[in-house]
Structures are given as C-alpha cells and as structure tokens.
Amino acid sequence: MSSFAVRTDLALEDRERIEGRGGEIHGVVLEEENREESGIRITRVRIETKNGARIMGKPLGTYITLEAPALTEQDEGYHREVSVELARLLREVMPDVKKERQVLVVGLGNREVTADSLGPHVADNLFVNRHVVMEFGPAAYNREEMHRISCIVPGVMARTGMESAEIVHGIVKETKPDFLIAVDALAARSTRRLNRTIQVSTSGIYPGSGVGNHRNALTKDSLGVPVIAIGVPTVVDAATIVGDALERMEKDSGLQIIGAREHPGAVSELNNMYVTSKDIDETIKRLSFTVSEGINLALNMEKLPSAGQT
Amino acid sequence: MSSFAVRTDLALEDRERIEGRGGEIHGVVLEEENREESGIRITRVRIETKNGARIMGKPLGTYITLEAPALTEQDEGYHREVSVELARLLREVMPDVKKERQVLVVGLGNREVTADSLGPHVADNLFVNRHVVMEFGPAAYNREEMHRISCIVPGVMARTGMESAEIVHGIVKETKPDFLIAVDALAARSTRRLNRTIQVSTSGIYPGSGVGNHRNALTKDSLGVPVIAIGVPTVVDAATIVGDALERMEKDSGLQIIGAREHPGAVSELNNMYVTSKDIDETIKRLSFTVSEGINLALNMEKLPSAGQT
Amino acid sequence: MSSFAVRTDLALEDRERIEGRGGEIHGVVLEEENREESGIRITRVRIETKNGARIMGKPLGTYITLEAPALTEQDEGYHREVSVELARLLREVMPDVKKERQVLVVGLGNREVTADSLGPHVADNLFVNRHVVMEFGPAAYNREEMHRISCIVPGVMARTGMESAEIVHGIVKETKPDFLIAVDALAARSTRRLNRTIQVSTSGIYPGSGVGNHRNALTKDSLGVPVIAIGVPTVVDAATIVGDALERMEKDSGLQIIGAREHPGAVSELNNMYVTSKDIDETIKRLSFTVSEGINLALNMEKLPSAGQT
Amino acid sequence: MSSFAVRTDLALEDRERIEGRGGEIHGVVLEEENREESGIRITRVRIETKNGARIMGKPLGTYITLEAPALTEQDEGYHREVSVELARLLREVMPDVKKERQVLVVGLGNREVTADSLGPHVADNLFVNRHVVMEFGPAAYNREEMHRISCIVPGVMARTGMESAEIVHGIVKETKPDFLIAVDALAARSTRRLNRTIQVSTSGIYPGSGVGNHRNALTKDSLGVPVIAIGVPTVVDAATIVGDALERMEKDSGLQIIGAREHPGAVSELNNMYVTSKDIDETIKRLSFTVSEGINLALNMEKLPSAGQT
C-alpha cells in the first residue's frame, strides 16, 4: 500500500489513519456525538496509555474535535451555535472554573502570515478584564464574581529573538494565572477538515506544531499550570494532498499504484508549499471571531444554553 | 495517458504541455535567451495565427516569460537585476515610448486576498506623476521630458458593484492615456514557477484570468489603446498538483495509472483550494516591489544598463 | 473684536458665526428640530439666494446637520438610532427614490491618513448590489424591486495621478447612475462638534473641502446628475482653536484682547497642525459604520421607523 | 503672568519653561552642541540633585535631546545622519557595550492609535538576533562578537489585561538581558518640536508618560537592570497650544491678558483633544525607521563615523 508520511495536528486524523489499517488501538478511547439539527459532530479521543501515545504520535491527554460543516459559510446564527458548543467543550476541560480563576489566553502564530494568524486574531476579539477586576472588582461590570482574563500575543521568534515559550513562561511567573488557553492554527491531513474543525486538547502545545514553527513546549510540566489548547486546521501540506489522492484512487480502483513511494520526485517540489482555501483571508477573520466568542462564553461564569441534542 | 484539465495563465506552460504531446505548433514561435550570470531565462512565445491561438487556448500576441530562480530569495541586488530585465522587456513591447506618452497603470486583483493582491501592491510602490507634470511640466522634476503616469486600483466587484473593466473604461475615456499597463496575479500549472516567473504580454487581460475573477476584457479592441499585461503566478490549483504528480509518476515508472480520469472523487474535494508557498504574504510584498521598480525604470525615459549577456 | 479667519465645512457653523455678529441673514433659512429622547438635534440651513451664498461662503443648497452628542460613545443602540435618523434625512434629499434608481456612492479621502479616512471606511461597510441585480434582478435577494448600488474609492492624487473628480466623471459616464452620494471627512470650527455631527447637503462637494485636498468639484453641474454629500467633521484647524479660545475669553471677561489679530506669530507655527480627539482611530471606525448603515437603510426601499419625536 | 499647567515629556522644555522665569537651576546642568552642517542641535540636561528633580518635575538622570529641524522632511540622507547621531548618543549612555551584551528593546504604545504607535513601529524595523546568536554564535553572521538583541511589543492594557510593566518584568526575569532600551511616543509642549526631536534618557520610563497611559515604571530600581528610554514627541495637548499662544501674545504686546487663568472654560472643551501634524501617519513610519536604524547602528559593535562637527 502506498503510504506517504503525512502530518496532521488533529488526533482525530491520526486515529482514522491508524484505524484504516485495521481496528482498535489499545489505550486510545473514542467517543462520538452528533448534534442532529446543526450537523455538528463532536469526537473525543482520549489517549490514556503510553502505548496509545506512541501509536498515535501524540502525548497523553484528551483531544476533542468539533466538526461543523457549515463553518465555512457566512451564517452568523450558525457561528453563534458553534461558539456555544465550543464554550461547552472548554468548560468540560477547564479546571475548577466554578470558582473565580485567573486565565491567560495566548494567541500563538504570526499575524503577518494569513494562514498562521488565527491566534493573534482571536486575541483581538477577546474580552479582557484582569486589569479592571484587579483594580475595581467584578462590581465594575455589575457582577458578583468574574474570572480575571488576560491575553498575550507573543509574536514570532524572527521578530522577538525569543521563543514564544520564553515570553509566556516569564509572564506566567509574573502574573500567576491558574491556567492557560493557547490558540493556534493547525495543519490537517484532509482538505475536508480545513476551516470547519476545532480541536480542544489538554496536552499542551508542542514544538513544531501549527503552520509556523512555535518551538518549545507550553505544557503543564513546563509552566506549572494546566494548558488547554484550541486549534483550527487552516492548511494541508501540499505533499499530503498528492498522497491522499493516490490512496483514494487505489481504493476506488482496487489496483495498486506501484512506485508512489519509490518516486518521491513526484512530490519533492511541493516542499514548503501548502494547500489552503481561496478565501483564507476572510475565513480566518470569521473563524477567529467564532473561537474568541467561544472563549468569551466559556469564561463568563453564566449558564450556557443546553446542547441541542441533550 | 491520464490527463487532467489543467489551468495556467502562462503561455509558456501551454506550450510545454502541448509540446510534451509531440513537437512544433504551427503559428506559434518560440525563442529562448539565457542570462548566464543571473540565471535568468527569457522565453518569447509568439502566437501568430488563429490556429496557433486555438491550440494554445490563448489569444494572438507576444508572451514573454522571465524566469528568475532566485526571485523567491531576499537578495536586493538580484531583485534590482530582475527589475532592470523587466524594464527592458516592457520597453520592447510598449508603443512609441521614445516620445512622451501618457500611461495608465492598472493594479488588478483583491487587496484583501493575499495571493490575489499583487496588482494593488504594485500600485502602492509605483512612481506617479501625471498630476504634477500636467500642472508644472517635467521641470517640476528637473527633467526635459517625462511620460505622464497615472494609476488606478479598481477593486473587486463584490465591493464596487462594477466590473473592473467598467471602471477602467470610464477612466480611459476621461483621461485618454496612450496605453495601459495592467498588473495581475496569475495561476500557474507548476509550483516550480510560483513567485519566480514574470509574464509580459501584449494581448490584454481576459475574463476569469488571475486568482480572483476579473470579468470582461481589458484589450486594445475594447479600450481603443494597447494593453500590456504583467502577471506573476502566485498559486497553482490544488487539483493540478495531483494531476501533475500522477503524470510524473507514470513517466518515471513507465506504468499507466488506470482510472485517474475515471475517479474524479480523488480530486473533487480540492475544488476551491489552491497551493501556495508558506511565505506568500512576504513574497507578495517583495515581488510587487520588484515589478513596480521594473515599471518605474521602463517609464523613466533614461537609458537602461545593457543586458548582462548581450 | 478679535476675529481670526476660521475654516469650517459646516454650514451650521457659518450661520452661527455670522449670527453672532447680529441677526438674520437674507436668503438663508434656518429650521431646528429636537429629538427629545435621543438628544439628537437636526438643523436645516437653506441657502436660497446668491446673497445668502455670498455671506455664508457656501453654494446654494440645503445643509442638514445632525448633532448627536453621544455619538462618540460606544453604544450600539444609539448608533443604530443615528443611522435611522440619517437614513430619513437622506430620503428627504434623494431624488425620486420611490422608483428603482442606480446610485453611485463615492468614498472620498485618504485611507492612509486616519482623520481623512472616513470615506474609504464607509465604502468598506456599504451594501453593494449593482452587479448582482444587473445579472439576476432583485429576485437574487428575494425582493421585487431594489436600487442598484455601486461604490468607488477614488484614492488620493499622489497615488493615482488623477483628480478624484476625473475618476468619478469617467465612471459616471460609463455606468450612468441616477445620482451620487459622496462621503468625506470635514473640518469643523469647534471641537464640540468633532465626531458627533453629520452634515447632509445637496450642493455637491467642492475643491479643498475635507481634511485632505480633493480638488475639482463633484456637482450636478459638472456631472449631470445630483450629488448628495455626507460629511463628518473629524478635525479642527489648530489655529482656529486659539482664535476661538480668545474670543470666548473676551466674551467672558468683557475685555478686549488687543493685538490678537496683529500678532499672527502667536498662531503661525500651528500651520499644518490640526486638533483631533485622542481616540480618533477607533472613532473613525465606529462613525464610518454608522454612516454606512445610514446609507444602507436609506437605499433599501423599505419603510423606516418613524421619528421618535414626530 | 498667565500660566497654564502644561505637560511635556521633554526635560529640555521643562528647563526652558523654568529658565523663562529667571535663571539657573541648582542641581541641573545644561550643555549644548551644534552640528553646523546638518543643523542638528544636541542638548544634555543632567538632573543631579533631588532639588533639581523637584523643580524640573522629572527624576534624576541624563536627558539628551537631539533636535533635527529637517526630520519632518523626506530626505533619506538626512535621516541616515540623524540615525548615526542617535547611535552615538545611545553608545554614550549604554553600559559596558564594548563587551557582548544581551539587550531587550521594548516598543511601548498602541499600534492602533497612530500618534501612539512609534514604539511598535520601531520594533517592526529592528534587527533582532538573540535566537540565532544563542543557537549558532556570531559566526552565523560572519562576525566574531555580537550583542544579542531581542524585542517585545507588550501592547496596551485594554487588550492584554496586564500592565506593560508586568509583561516586561516577566520577560526580563526569564531572559535576563543586561539592559533595556524602551521606545515610546511623547507629548511636547511646543508644536515646533513635534516629530523633529528625539530624547534619550537614563532615568527609565514612568507612569502616565507618552500619549497613551503606560502605567507602572520601567526603571533600574524595578527591573534590576538599566533602562535607556528613547522618546519622540508626536503630539501636544490641545489646551497647551492655547496657553502658549496667549503667553506669546502677552509677551509680544507687552499687555497682560486678564483672566486667562480665571476662565478655564476657554480651554475646558479641549480635554481629550490633541494637536498633531496633518501627515502624522506617514511621519510616524519615517521616524520609526530612523529611530530603529539608530538603535541598530548603536548595537552593531562597529565603529561609527565620527561626528561632523567634532
């Protein structure tokens, strides 16, 4: 079977790829949920053992994927629905948020590179109140209790001369948040998932993930506080596209395409190329608003509307 | 032979595709020139007969391609060299520029969509003097003679409610330039040509060319004055990538990949996707500067340095 | 009485200045209306005779000023109210809008100069449909009748080499709109009016108005179709500020400040300086949204809510 | 004598104001130098005693002002000259820069508010190398020794929920630079100094300085390492303008303007207004480039050209 090395930041896609080769994976639990009205599908992949982590190529933790097919469309109501759904998933994994917490949101990525600018754009739309609540209390907002929310866009190393992780570590030590929410653009394996999938995970953010290169980990181990990662795939490596098309052709035709693996020249010129949607600039703006609204709702200490399906 | 419908705005690529199927094309003349020091290759494709136009799928005219492999790098000296080379090619096709002319430069495309923003960015860097020369003469610049240069970025139909062609037609009638230079982003067939190829052509700009959709022609027929088009390929249709990789595999392996044509599902999900380089945002800025410098040099009525190779 | 030459684009301020010197002006009619709930004040100045025009220093026509004190605040409901009020004023002066018309909106000014970027920003938020209605009819929007709306941002002469008026004239001849709406930033005399006043007028847009220098007239005379101008004062000339402060001091103190006129050195270094609010960047974004919403409502062929006061 | 409370961030202006009232100030030393060719004037104000600090209303330290009248013009050669002069002044106050140091440059201010965006823009143009030198040594740049330069734009509290000082403190603790260079926009008292004056000081950056509100100090006391501040005045408080014009009138006329102080109504509506130049957007871009070049030169460990006058 022709098989290219494919890169995905989505645990869901790792699971699919491995299952395609046959069956269950020890140490990896899968749950699916479908919202009938909205067509939103929620998949939880729990990597529970070291063996599972090794096979999946991802660290231990929970990876929740929200797939919303209509997310690429310009439907405000639908986007609101996705924001609420995202807020629910975030509350599921955020630690102790019944009590007032201090939360640092980190917008990773490069504002100057469209496909990598999700994090900075989410930061732009975020409700931030730490400075006000610290000075005047929740009363400043006519509330009795509030989380204190701060936000940083560390920028890229070529501009700062520092790892994102160094900047975030310094700020965490200085301001002592209870946990982090880190937002980043991801690479997917399938174009079907581009711009319509949101992954929430509890295992932190790791070197080399995302579109750009955000070296050094942001994890509970390195920072001392939990890190919840939110990612949206915005690109697919161009080489992956060719590999996947070949696999599908083999499957459809029942034949084997000899030599795909042996002829890397077929894809070598695709290095440093990626596939993205034609309306990526506008899509990023819309998606980042939806994600920031999801975070805003998750952190507002109010009751969320119950899920359509429940 | 598996063969996908591929789209390219480069006459050079049409010629290669057709030649690949065997030999010469009546009515299409090809000339090549190489600059040894800079590695720049200049190819002139002249479509001289209706038959040639039909086979090539492009209108009659001259299409000059400048391929500069190092154009993706950040080397100011090299970019300057390419600007001078582009200026020479432009002077080759601009009508009567020994005399003072009025020239309207049109920056086509969509400023909000990175891969389609070449034209607007070129406009930003352009030297514009029509208003000054009309009021004070070339003396305002301590010169004895000058072309008068104006520039318009018509914007996209979704924002203006008008075809780019309507806006340009109106301005041409009102301001009566002697000829137009229209700049646009193009689609190529091969990722090898992305961001390192500049095409200069004399046949105008046609519907549906470019990354976005700039409907209605800007041609000598429709406008009454010659139109010189400058294009740089910034994207490749994602489906093309798969087709090309398959072709190369077939060629390398000597086998035939059955069913590529019969299994369109393999590429259907690539609709509305394109392949582009990871650093497209920065690349567009650099390229647009190089192109605008080429236009500035071509229009300054001074002697250009002679070509390295000649 | 010390009196500096002050520049204002607001007919209302001309009227006040002249009245301050004593009484009525022949040929100039003034009407005032107050919306009690919203605190919005509407003033209509009609310059009906040449004498009136001479005294006022403004061409014949109707100048309606909408003063909305809370417009500088971030209150969405209030901004909506102002948009509706503006829509009403526009309908008052737009010709024959019971029938389907073609309307060209012109966003004057310089996108790169914050205080002069109102016009371009209004264009960004405008609902544009001419291209769709011309191809598919109002049915494309599930409507039976619709105005066809197009929009142009001509840009500044330093970038285009053309007068805004040349560009607009060309487009008017080519696309034949029934009337124009031109939007521009204005200069006021009093900082009290900055960013909270909208002027609608029927006399076109004239040379040298606005913050930048948009030469050559856009008027019914020059274009052949009516021109409705919408302006918002965003700056005050710095020299005006000093003059006004002196006048107020004289008035308050009952004394005369000798020599203000004789000592122009006091204000000469203020040339090319203007006074603006500290939050001008954000204010322009908010105001331009309110103005574009006003235009969108005015042109949607639906019934507007009736005025609060009536 | 009528006298308004005026605010300036320039020690030079404090000195002038106080001297205007008569003579020398104990504990404050003044030195002037003039570059004849370029017309650049360098003034050193040294506040050496607590008494001097109290009278000046500024902390102990050295304040060097570079006044370059032609800095508002678009003359590349002149800007280069100013960059070299700034580099010399920086070397004068930077500690121990004969040895390799680690330097953190901080771009204070608000990128979204033109007049307050100097710091972020300087950061954009800065040469940053810490990450490269730490990994590959100076050899990566074909050099034997290099300072390691990093850079942060902390952003504004409304967006981050944190004081700039908190962010900078955290990063300083984490990355341990030898000293800081902090860049910020300033307020001047006189429009004559806008955009043509650069102040270098050794006393750190203090609360409420600058156009926006950057609370909490960045000083050697609070951070543990020296802080060199670079500031450029980009605005004048509008009320100051009126006060200054009155003072000049009194001086010119020999009369006293009664009641200026008693009639604060004359200037009260100028609250939250500032005076700035009409081309502020473009000016900030040009100035920030000149300042960043000055820092780049100061930190390149090469010999600077000697001063024109010396």
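The letters A, B, C and D name the chains in turn, as written, and every chain counts its residues from 1.
Definition applied: a contact is a pair of C-beta atoms (placed from the backbone, for glycine too) under 8 Å apart; a residue touches a chain by one contact, two chains touch by 3 or more.
Please read all numbers here as calculations on a predicted model, not as lab measurements.
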| item | value |
| --- | --- |
| Copies chain C and chain B - interface residue numbers shared by over half, same or different | same |
| Distance between the centres, which are taken as Cα means, of chain C and chain A, whole angstrom | 46 |
| Chain centre separation (chain B, chain C; CA means) in Å | 41 |
| Euclidean distance of C-alpha centroids - chain C vs chain D, Å | 38 |
| Chain C, residues touching no fewer than two other chains | none |
| Touch relationships between chains, expressed as pairs | A-B, A-D, B-C, C-D |
| Touching residues on chain A, where the partner in the complex is chain B | 112-115, 190-192, 194, 211, 238, 241-242, 245-246, 248-249, 252-253, 255, 257-260, 262-263, 265-267, 269-270, 272-282 |
| Residue ranges of chain A in contact with chain D within the complex | 123-124, 128-132, 148-153, 155, 157-163, 166-167, 169-175 |
